[in-house]
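Here the chain labels run A, B, C and D in written order, and each chain numbers its own residues starting at 1.
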Amino acid sequence: MAEKKYNYTPKDFKSDQEVRWCPGCGDHAILNAIQKAMAELDIAKEDYAIISGIGCSSRFPYYMETYGFHGIHGRAGAIASGTKTANPKLSVWQITGDGDALAIGGNHFIHEIRRNIDLNIILFNNEIYGLTKGQYSPTTKYGHKTKTSPFGTVETPFKIGQLAIGAMGTFFARTIDGYVKESVEVYKEAEAHRGTSLVEVLENCVIYNDDTHADITAKATRKQRQIWLKNGEPMIFGENDDKGLVLNGFKLKVVTIGENGITKDDILVHDSHEEDPILHLALSNMKYPEMPVAFGVIRETKKMTYDAAVEAQIAEVQATAKIKNMNDLLTSGETWTVNN
Amino acid sequence: MDKKSRIEKEDVVIRFAGDSGDGMQLTGTLFSDTSALFGNDVATFPDYPAEIRAPKGTVGGVSGFQVHISHNKVHTPGDYADVLIAMNPAALKANEIWVKPGGTIIADIDTFIEKNLKKAGYKTLDPFTEDHLESFNVIKAPISSLTQETLKPTGLDNKTILRSKNMFALGIVFNIYSRPLDYAHNFFATKFAKKPQIVEANDMVIKAGFNYAENTHALPSYRVEPAKIENGLYRNINGNKATAWGLIAAAEKANLPLFCGSYPITPATEILQYLSDRKDLGVKTFQAEDEIAGICTAIGASFAGHLAVTTTSGPGLALKTEAAGLAVITELPLVIVNVQRGGPSTGLPTKTEQADLMQALYARNGESPMPVIAASTPGNCFDYAFEAARIAIEHMTPVILLTDGFLANGTSPMLIKNMDTLPVITPKIAKEGKEYLPYKRSDDGLMTREWGVPGTPGLEHRIGGLEKMAVTGNVSYVPSNHQLMTDERQAKVEQVVAKVPDLQIEGNPDGGDLLVVGWGSTYGHLLDTVTEMRDEDVNVSLAHFNYINPLPKNVADVFSKFKKIVVCEINSGQFVNYLKINHQNFEYNQYNKVQGLPFTVAELKEEFTNILEDK
Amino acid sequence: MAEKKYNYTPKDFKSDQEVRWCPGCGDHAILNAIQKAMAELDIAKEDYAIISGIGCSSRFPYYMETYGFHGIHGRAGAIASGTKTANPKLSVWQITGDGDALAIGGNHFIHEIRRNIDLNIILFNNEIYGLTKGQYSPTTKYGHKTKTSPFGTVETPFKIGQLAIGAMGTFFARTIDGYVKESVEVYKEAEAHRGTSLVEVLENCVIYNDDTHADITAKATRKQRQIWLKNGEPMIFGENDDKGLVLNGFKLKVVTIGENGITKDDILVHDSHEEDPILHLALSNMKYPEMPVAFGVIRETKKMTYDAAVEAQIAEVQATAKIKNMNDLLTSGETWTVNN
Amino acid sequence: MDKKSRIEKEDVVIRFAGDSGDGMQLTGTLFSDTSALFGNDVATFPDYPAEIRAPKGTVGGVSGFQVHISHNKVHTPGDYADVLIAMNPAALKANEIWVKPGGTIIADIDTFIEKNLKKAGYKTLDPFTEDHLESFNVIKAPISSLTQETLKPTGLDNKTILRSKNMFALGIVFNIYSRPLDYAHNFFATKFAKKPQIVEANDMVIKAGFNYAENTHALPSYRVEPAKIENGLYRNINGNKATAWGLIAAAEKANLPLFCGSYPITPATEILQYLSDRKDLGVKTFQAEDEIAGICTAIGASFAGHLAVTTTSGPGLALKTEAAGLAVITELPLVIVNVQRGGPSTGLPTKTEQADLMQALYARNGESPMPVIAASTPGNCFDYAFEAARIAIEHMTPVILLTDGFLANGTSPMLIKNMDTLPVITPKIAKEGKEYLPYKRSDDGLMTREWGVPGTPGLEHRIGGLEKMAVTGNVSYVPSNHQLMTDERQAKVEQVVAKVPDLQIEGNPDGGDLLVVGWGSTYGHLLDTVTEMRDEDVNVSLAHFNYINPLPKNVADVFSKFKKIVVCEINSGQFVNYLKINHQNFEYNQYNKVQGLPFTVAELKEEFTNILEDK
């Protein structure tokens, strides 16, 4: 591995602003993990632009000693798209919540993904509107009682991975707020991917939606309920690494290695680079208790990014263009001289 | 050409009208470009239906294009036409009221058959008698059949043949105004380089029309002498292209890359299109998913250090106002171009109006001041787009530039300035190596903060929509700081006045009986009216505004010189209300019109006369 | 079959307004087909509400002798959601274009589908902005030259079915403007489905994007290039009805009946009711020339609709509620009397 | 209780302050509800940080709740507090400036340790000396330790124990103001029905606090006599709940179902929440994906014949303006509630401001008039919400109702009116069987069109955002029709004035030296100031506006009776500008404040005195 250019520590990415999230909020751990990831990534500090919308999660940029933009509610994706398209040299991170990205920001979300702009979207999914004190969001579980659904919601929530794939996504990963070590790897892979990298972080809002992910995230049962996918490796999980996934027609099925003659070789090997989104959709949709929930990088496919394509097209046109400046343009085509 | 005597005319207005499918816009454009190249001053006004192709043969489907040519300076496309070309009965029906008394009507008589007359809403088979057009010089030309006749030898199919009947009409008008045929020929030769047959057919038809006119003694013949305008190099340009180019010019003079985030909307779409064409000049256009993304991508690009622009029309501006407030509080440069159209709501999307002034000034939550300027001719859209960008960059603020459908689609010759003669624009970019305080204000009196561009080491900082502590830019809920920042944002916009030129009086600078006040695209009509009235010794002058917020410094001074003031607008009285706020101590008359149409000189004259006579 | 209550003819659904689309525009045929479908459906004329945004396609309501609302650009979905939630007895049809629904209207589009509001969305996909005279849309093919992409677009288009599935769609069908007979059936099934029924109509804009679908829609080659799916029937197509679809691992494959021992029984049978969206996604994504393009009802699954759930929840609360009117509410809880 | 002498006081303001986690909002609410039940008039003002839980112990994290109780009518939560309860050093730091000279400060001295003092920004260990609080009556109460002591026998864990220290403070205040303890007891008994241990603990702590105060001679003791207010049944209500309930009441009186399409936003969210609670009354709430969907679903519901409402705050209103224009041109009833907050942009989301007036009036493209009204007390939010709905329904128009953060979160007792006493609202629904012309206007002078509701046989018709032909409602591009419809929409809104009550003068109806003019939530402060000054024989009166567009008929009449006028607003001068537009011929002084805070009586008095003395 090449020598690193920068010797950052996570502290280099801490701003002087007081962190104002509730004690115990999952956002603290995500902040740590991203600061760690950035210290490990070899990118100059001044080349990061961290852009958010509005929400508890969206206060994130204030705590980072980088360029930061705390935007308006739902528009982080559009602002970030503009920043990255203007200057593709920047490493642009969009920090957003389930309300910010998927309710008011839904349109920018699907379009930035469709365009495959080279952004890292970190979506803090606490399944609630935190900042406005506890209304349901587009990811709140059906039937859940919140301040605006006193008798339970009657809305099907989005599945974030499914929506991203629906929007032609090239990168989807999932992680957990408090899983700092695993998260650091995921964030680094998100940055490495050229295109829109979407990371869903299961985040706990201790105040308004405590333990909404606890069934899945609890460390005690993680081995049974989580499967951490790695490209090129078999999809194995379980307390004793003895469970695996296999194909059963068009569906995925859990099997036990050692039972019914199943060996490790029968287990599906994760191919995050497969272009066809079908299997990635099936993986990202797996849900507890029938199946383990998938974590890590589920999809990562190569495609030209929008920002690079824009620059390439300009370069191509300019290579043969006759008009080099405004004087050329003004005097091009039909003109005439008045000489009284 | 010398068979007939030529009438020397100062001024001619020609209106081409036909079905949407009849190619009237092209015909009109070819005529106006030929005239401009010939040295006339020119103004045009396309008037087309909202539907892409409205039902053939109906009044709703008529597409018109009016050209005003003169050897003097032209300020408007003209109120009424000297010559109307009506390609079918519907075109006649829709446009007969726009012909000057005694004017010429050239009708393609082949189309005046029962079916078409009925579709156009005529009740008899003789529309000329039915609508009392006897006082007009009506020329019934068999344009369709002569076109067919002309092209019969080519073996082209009938549909293709009939598609070129507009060129027959063009040929007729070329003859009347003694225009050369080469510009039109070159146009087709370039456009159909690979289809010589089509080029030849068009040539044949234009010539046939030209000859038909030559041979028909019924036709008057005019020659409009080249206009006496300022020496220099000229090009014909519409307001949208001028706007686009003014922005590119500003980026060049500011040495900044240009970024436009926009969503198509009539009549602003073309600005985005003209900018998309300019990859050669490195312009980045981002066709966003909606207007909000249009302005937000622009804000993101501004954050990244670009000259950022978003272009739209009324309903689109309504969608951008929340984000516009973000640009205000983050104090980032941004140009918002609003090409006004008829409202409210979708309203009359292809018609012109000036009814977004209040929206531009006040449509943001909270105390959210923003400079507003307005162009007044198609050509000076270039200058005011440039100026909007200059203000945005030098004063670190979003700026709204108002144009409208009338300017956007109309054309006028533009004197081409060499780029060296335009002022340099100096962005206030923070430098590496010095301590950077994002909300520290400049001490040049302009109260601007410095632009800290991502990618610059050592300037890392955070901005956003929450209230900022003065100097540091940290989030602040301190009450007195909110007052301070509110006042400073207001004061910063007021400082723009430093470079705003004084309001000019056209007419008598010492004052007089009546001061006509206008803003934006009504300039031409107001000027013509005032000029005509002054020629008749009426003591009336014009003060026309391009700078709305802040207003020029000398407004009270100018207003106080006149006995009466009348504020004229294509809305229900928005600027006059704004003047009452800012210059409460004057009495204002007002003249307003909300019909999706520009003023006419005639109505203005009548109105001003009434005011002077205290009617 | 029960006797019909209404004896409508398509003419009953024609308003007195002149139809103003370009001659040859695909919209004319869609109008015919919908008028036909409505004549066949047994719904009172006054119970239809047709709601559109802005675009050529969105002028549709003016031509229908029903209640109609020509909204603002992109908002048809939200307006229609309000109308239907307010009065679930109405049959609400949302008429929209690829720009109206997927560009500016994208957020409402994914949310109405997620909520499964009982609407019929007819999306006229001409892959262009018609009304504004020819700019590219979110479905325009990559690289296509338009007024705003003079050197070709650099944006990946949405696949409409994929986006709808991404948004948790319960009904997706595809048809072709000029295929009136087939379209009538599709529209009737869309109306019959309880939930958000999305119909993508391949529509030809003769002026700004002529023949964009011609490869697929041409009648001459339809048998080879189109597969019309019917629930419960094998997925067969081809000039001689001799081609079929089979599963090949996680992918679909075209086979020839009679070759390699393949019989009709080997061919996949279409199950539009399957809840798992995986296979429906694969079907809706099939593209010419590798595969035939799927038409007809691709997905139709049962789920509670939002509008019905809202009414049910109100009924449930009211059944045991103590507060029956405003006087009850005003005097409930802590009050006190002043009696000076 | 009779150990000490009771001071009879007319008026007391108490401010509870502590960390966000200290439960100050609950403490304040329990005190104010108890006082209201006891018969006082009450007004409250919660003041909490924007963060859910700002960092413990810092000034930014302090949460405050001010209660004003009186046996007279109370109009404001009071400028300055008679008593401050400071649960930690930060609470003292943040609030010491809000205590009246000589007032009482009760501090939980257990929390005044070095770490906390530093966090709060004190530089020494003696904050009372450091900040010169010697002139105050400072009571250093060991609240934390006494709470721990009190609950030790219960065996509860320390965290739970400390969580109830606010109840100790409440007990102290109950004692000072001789309040009964039963309301608080009942509250906990209901809330923790299944946890009797908690109920008992709270009782114990409240009593301990009560007793501590009783036993500590340092404490003053007041008794506030029940207020002399109108006879009747009362309840305590905040502005948001009153707004929600006013809308439900209007739906009931109009016999229409109620639909609310909305997206959460501070400080408007609660209206949506209160409406969501009312499934029992059949209210349909649609929590939309964004503000645009909020208003558009409401428009769709209005089309379907519902009383439709959308609720929001400044930035959300900005997003709704395009659709608001659609409601204007389709002439559908719609109530848009805007709870103003500090701007621009995200601004100061939890603070109050009146800076959306221009936005409400003018933020739409084109000429797009809309009635605008404003509530002026928490309780009358009910009346003006009802009135907004009445105007919308009876005049077939969208209406904007303005409230603000101060009204939304503040409470006041509301006299409960029996529904029978409220006016019936008559929707203009078209009937089956008659010819229906969607844009035919009523001949009752109100110029309304009829509401043709889907589902009604025979009324099938089309509406939309394009300009409409008068009477038929077909799309029309006819220029004169556009003028007509523009004028008619304006005239229709002007007709709303028919039922707008005349502007009242509070003070001297015959005129005087100074007329104070205000609108919206500043009412209480302005009235108190004027009343106080009149008590001092200053000839000043108040004219307070609830109807903004159209303005009441008698404005000029009222204004002309006074020598001077001063317009007071929590913005930079929006209403005064609007008055200049509509009543140009008066000279206006203005007093403006943009600090995210309400006025204080003291500053107003000073300002008015200056104006009267021509300073």
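Here are a few things to note about the model shown:
The rule is short, and it goes like this: a contact is a pair of C-beta atoms (placed from the backbone, for glycine too) under 8 Å apart; a residue touches a chain by one contact, two chains touch by 3 or more.
Since we're looking at a predicted model, the values are computed, not measured.
Ranked by how far their CA centres sit from the centre of chain A, the chains are topped by B. Chain A and chain B have centres, each the mean of its CA atoms, that are 44 Å apart. With each centre defined as the average position of its C-alpha atoms, the distance from chain A to chain D rounds to 40 Å. Shown for chain C are the residues in touch with two or more other chains, namely 54, 70, 72, 104, 106-107, 111, 138, 151, 310, 313, 317.
Within chain B, contacts with two or more other chains are made by residues 60, 279, 289-290, 292, 315, 322, 326, 330, 345-346, 464-466. If the chains shown are joined wherever they touch, the resulting network links each chain directly to all the rest. On the chain D side of its complex with chain C, the touching residues are 33, 36-37, 39, 183, 226-236, 245, 248-249, 252, 257, 259, 261, 278-282, 284, 286, 288-290, 292-293, 296-306, 308, 322-323, 326, 330, 416-419, 452, 454-466, 474-475. Those residues of chain A whose C-beta lies close enough to touch chain C in the complex are 104, 106-107, 110-111, 114-116, 138, 151-152, 154-159, 162-168, 247, 249-251, 276-279, 281-282, 303-304, 306, 309-310, 313, 316-317.
Listed in rising order, the residues of chain A touching chain B in the complex are 15, 17, 44-49, 51, 54, 61-62, 64-72, 75, 77-87, 89-90, 107-108, 111, 310, 313-314, 317-318, 321-327, 329-331, 333-340. Only residues 51-56, 58, 60-61, 263-266, 269, 272-273, 276-277, 279, 285, 287, 289-291, 315, 345-346 of chain B touch chain C when the two sit together in their complex.
Across the complex, chain C meets chain B through its residues 18-23, 25, 54, 56, 59, 70, 72-74, 103-104, 106, 129-133, 135-136, 138, 147-151, 207.
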